[in-house]
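A short worksheet on the structure shown next.
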Amino acid sequence: MQSFASAQAGAAAPAATPRRSLLDVVELALPKLVLGPTLLISLIFVYGFILWTGWLSFTESRMLPRYEFAGLLQYISLFGNERWWVAVRNLAVFGGLFIFICMAFGLLMAILLDQRIRAEGFLRSIYLYPMALSFIVTGTAWKWILNPGLGFERLVQQLGFSGFTFDWLVNPQMSIYTVVIAGAWQSSGFVMALFLAGLRGIDESIIKAAQVDGASMPRIYWSIIVPSLRPVFFSAFIILAHIAIKSFDLVMALTGGGPGFSSDLPATFMYAFGFTRNQIGLGAASAVMMMMTVAAVVVPLMYSELRRERRG
Amino acid sequence: MADREQARVAGSHVVGRLVIYALLVLLALYYLMPLFVMLSTSVKTLDDIRGGNLIALPAQVTFEAWAKAWSSACTGVACGGLRGNFWNSVTFVVPAVLISTFIGAFNGYVLTMWRFRGSDAIFTLLMIGCFIPFQVVLLPMAQTLGVLGIANSTPGLIFVHVVYGLAFTTLFFRNFYVSVPDELAKAARIDGAGFFRIFWRIILPLSPPIIVVCIIWQFTQIWNDFLFGVVFSSGERQPITVALNNLANTSTGVKEYNVDMAAAIIAALPTLFVYVVAGKYFVRGLTAGAVKG
Amino acid sequence: MSSLAVKNVRKVFGNVEVLKDIDLAIGSGEFLILVGPSGCGKSTLLSIIAGLDTATSGDIVIGDRTVNNLSPKDRDIAMVFQSYALYPNMSVRQNISFGLEMRRMPQHQQDEIVDRVAKILQMGHLLDRKPSQLSGGQRQRVAMGRAIARDPQLFLFDEPLSNLDAKLRVEMRMEIKLLHERLKATIVYVTHDQIEAMTLGSKIAVMHGGEIRQFGSPQEIYDQPADLFVASFIGSPSMNFIRTEVVEHLGSVGVRLQTAEETFVLPVHDAEKALRPWIGRDLILGIRPELITDSASSQHFGRNVHTRNCKVELVEPTGPDTLVFIRINGEIACCRVRPELAGAANESMDLAFNLSKAVFFDPQTEKRIA
């Protein structure tokens, strides 16, 4: 057979060690060169900016940023700000309800859809389409639906319940709950998709074994299937918590934070003070607080779940 | 005896199925309701709206509200409708999606087939960045865009969306390429192919499924974004989401609910269209990101 | 075709020494097998020879070139992977010619080579199919075709038959062997299957824990394993290991064996010199199942045959012979006998022990004494 061996240098002296060519050196560095920009971007625009905002939160910045260290004055101001506490309380209320309702609806829909339903794909796409919408669109739509006077209230009245009122949208006590309604409508389909994928991943034979043992379907769901969805609960919780803490678009479109600031959330607070009201330092402090909240929720959970995985 | 028992069990089985279907249909109606309301309201006249209720069908269908929403509604200072903002969105969304997908693909490729010491740490660093609330980068970014001279501009928005979209696109491609056997890259190296050749001739041809998922996901996220739009642009440069919010929240004059609804649908159309046409990729995007996250 | 030398190669991953001072050399046209259990380092060594991985220290010499700093594509090698690694989006023809294309070979030359290779491996009718349309055996052939087309100095095989079913494996083994004879290729072949090792190789390196335990021809390794590990790894059913005492016997040495019925001493003339120092001490006797057999089959053993009557504990018919299990020195030993002469369980039968090929191991160091 003819030899088509590539003519490489080194055939001169026996057992000579050919030096690496320049091309080879570049080739070896390529992976790092490719990943480099992304790493740089992450370091600067994520981590660097976090530090920058943190620094700003320790300064007196108002309309323009100032960088002299000024201690905790912004945080003191923040914690003395009534609007901030309303926002925090709203986050707790909204977050808790939003997560709970999305999980409950999501799990229910997933279990129902798992029952070998005809037109399952069709129904699934109906439950999921809200995720394709912007929160602004959702907010605008629900703002109309919950319109006091012409929306839901009028509808129920025209159906015969003439004394019915539904003014949550303009009621300072109830405005945050409208955000819950709209938010849950948008996001529960997503949770359903997660749970459905989780249900489909469960080993059939375990269920069959339970059936042979005589357990009824509801019992099987409660004692076997739902507990084995633990990782999905975990994922869904983290993502929903993340969405809740970041919620800005929905509030802006649905209530604008109002009436007054009764449906404010930390994200809208930050925008208002950091950008509209020229209080950069205070805005930065509120952003840092939001960041800490996310960390406080996500970090312990990930840690405990990772530990569980390692042990299990 | 046994027959009656069987019939009873079968009967309760049927009742059970009916209940399940009833619940599913009820839920479906609940999810479709806002869409229906938006559509029907957008084609009613204002009188019709004021006289009727949410679910009443329009007395007569008119597309005036749509025309107004598109070209003459007031979105803040200007009153040129959503048309300009629609195109604003297009001009920054498309490049941002393409660029972030492109970079994400290379990142995923490197992270799975050309690993080096520290590459996994870089990946973790990148992923943690997914979790931050964007509020914490807004102020510095606003400053930076100003310094770079791209504040309130299309390049500025493209820049921001690419920077903060990289983590997700990298995640998608990395998770996908992890399931491609690395012996493929090894065989290609022995055959004499280099870094780019292997990507172009072997890996990329395998990638259409994940490219589609990534593009759809990014398109939806970036088109629907409001936060970056409202902070980093103003006036005529604003994306359609910001314009829609301004439109629906104007406090001057008569509230034109039909225009509001038409505007909302216009803003929603592109992502809804993508969803209808390529829904299953959308779902894959959701679960792909979430399962790992 | 060229020779291959691995000189003092060491590989460290983190704090684990995956390869400890590997040293071996084969000449042109030889078929080297790297065999051992998983984790022994054989695949790592192959990767290092290929250039996909770098050694922490040591040299790889292919022919007359030290190739440590050369990337895989410059080492003039070809590799066949366990999972075949065929490019899924390309046809068989394109798969085979990809390496040639990377070397900017003119198209007509590429076609010529592809056709030649297809003829050798009888794949002409598959050339336009995609890998997903091929069976496992066909894919394996394409992978080999891709390697052959490159006409390299060295062929590397990484457990290529592990993904095939038993019958196909036997067929493909033959094909690989035929290819070797035909091409006179220098081959390094990694496997965990000792049957493949024995049937294919001209030289075998048995590896364990990052070291080469023994390097030699198949028959050498089979008849004179260097230590307990090699002895137990090669050969199926495995060699019998019996702990026994060396005793003075009729002016020579012997080993004391005890069955259910009797205790007796078997003389071991051939190993007398090596075993004298061991008189009075325990060592491990290694004797392969085919060396304890029925009287008829032992005719050709020669003078070192001693027949004893033993009680059969268990019988396992395998078809060509029957495995009879007896108890010696408290351990179960496996014996190969002709099916028609085998006794039944709990019966006794005459068994002939051939000690001329028996081997003896130091119980402490596990190395072979004689």
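As written, the chain order gives the labels A, B and C, with residue 1 at the start of each chain.
The rule is simple: a contact is a pair of C-beta atoms (placed from the backbone, for glycine too) under 8 Å apart; a residue touches a chain by one contact, two chains touch by 3 or more.
Treat the numbers as computed from the prediction; the structure is a model and nothing was measured.
Trainee: Find the chain most remote from chain B, comparing centres computed as mean CA coordinates.
Mentor: C
Trainee: Write out the two chains that share the greatest number of C-beta pairs in contact.
Mentor: Chains joined by the most C-beta contact pairs: A-B.
Trainee: Based only on mean CA positions, could you tell me how far chain B sits from chain C in angstrom?
Mentor: Going by mean C-alpha positions, chain B sits 57 Å from chain C.
Trainee: As a quick test, compute the distance in whole Å between the mean CA positions of chain A and chain B.
Mentor: About 14 Å, centre to centre.
Trainee: Could you pull out the residues of chain C that touch at least 2 other chains?
Mentor: 71, 103, 150
Trainee: Going by the contact rule already set, what residues in chain A reach two or more other chains?
Mentor: In chain A, 27 touch at least two other chains.
Trainee: Tell me, which parts of chain B touch chain C in their complex?
Mentor: Residues 181, 183-184, 186-193, 197, 201-202, 205-206.
Trainee: What part of chain C is in contact with chain B in the complex they form?
Mentor: 50-52, 71-73, 77-79, 81-83, 85, 87-89, 98-99, 102-103, 146, 150
Trainee: Given the complex with chain A, which residues does chain B contribute to the contact?
Mentor: 17, 20-21, 23-24, 27-28, 30-35, 37-38, 41, 49-50, 52-55, 103, 106-107, 109-111, 114-116, 119, 122, 125-126, 129, 131-143, 163-164, 166-167, 170, 194-196, 220, 223-227, 230-231, 241-242, 244-245, 248-249, 257, 260-261, 263-265, 267-268, 271-272, 274-275, 279, 282-283, 286-287, 290-291, 293
Trainee: Once bound in the complex, which stretches of chain A touch chain B?
Mentor: For chain A paired with chain B, touching residues are 27, 30-32, 34-35, 37-39, 41-43, 45-50, 52-53, 56, 65, 105, 108-109, 112-113, 115, 117, 123-145, 147, 150-152, 154-155, 158, 185, 189-190, 193-194, 197, 235-236, 238-239, 242, 245-246, 248-249, 252-253, 256, 266-267, 270-271, 274-275, 280, 283-284, 286-288, 290-291, 294, 298.
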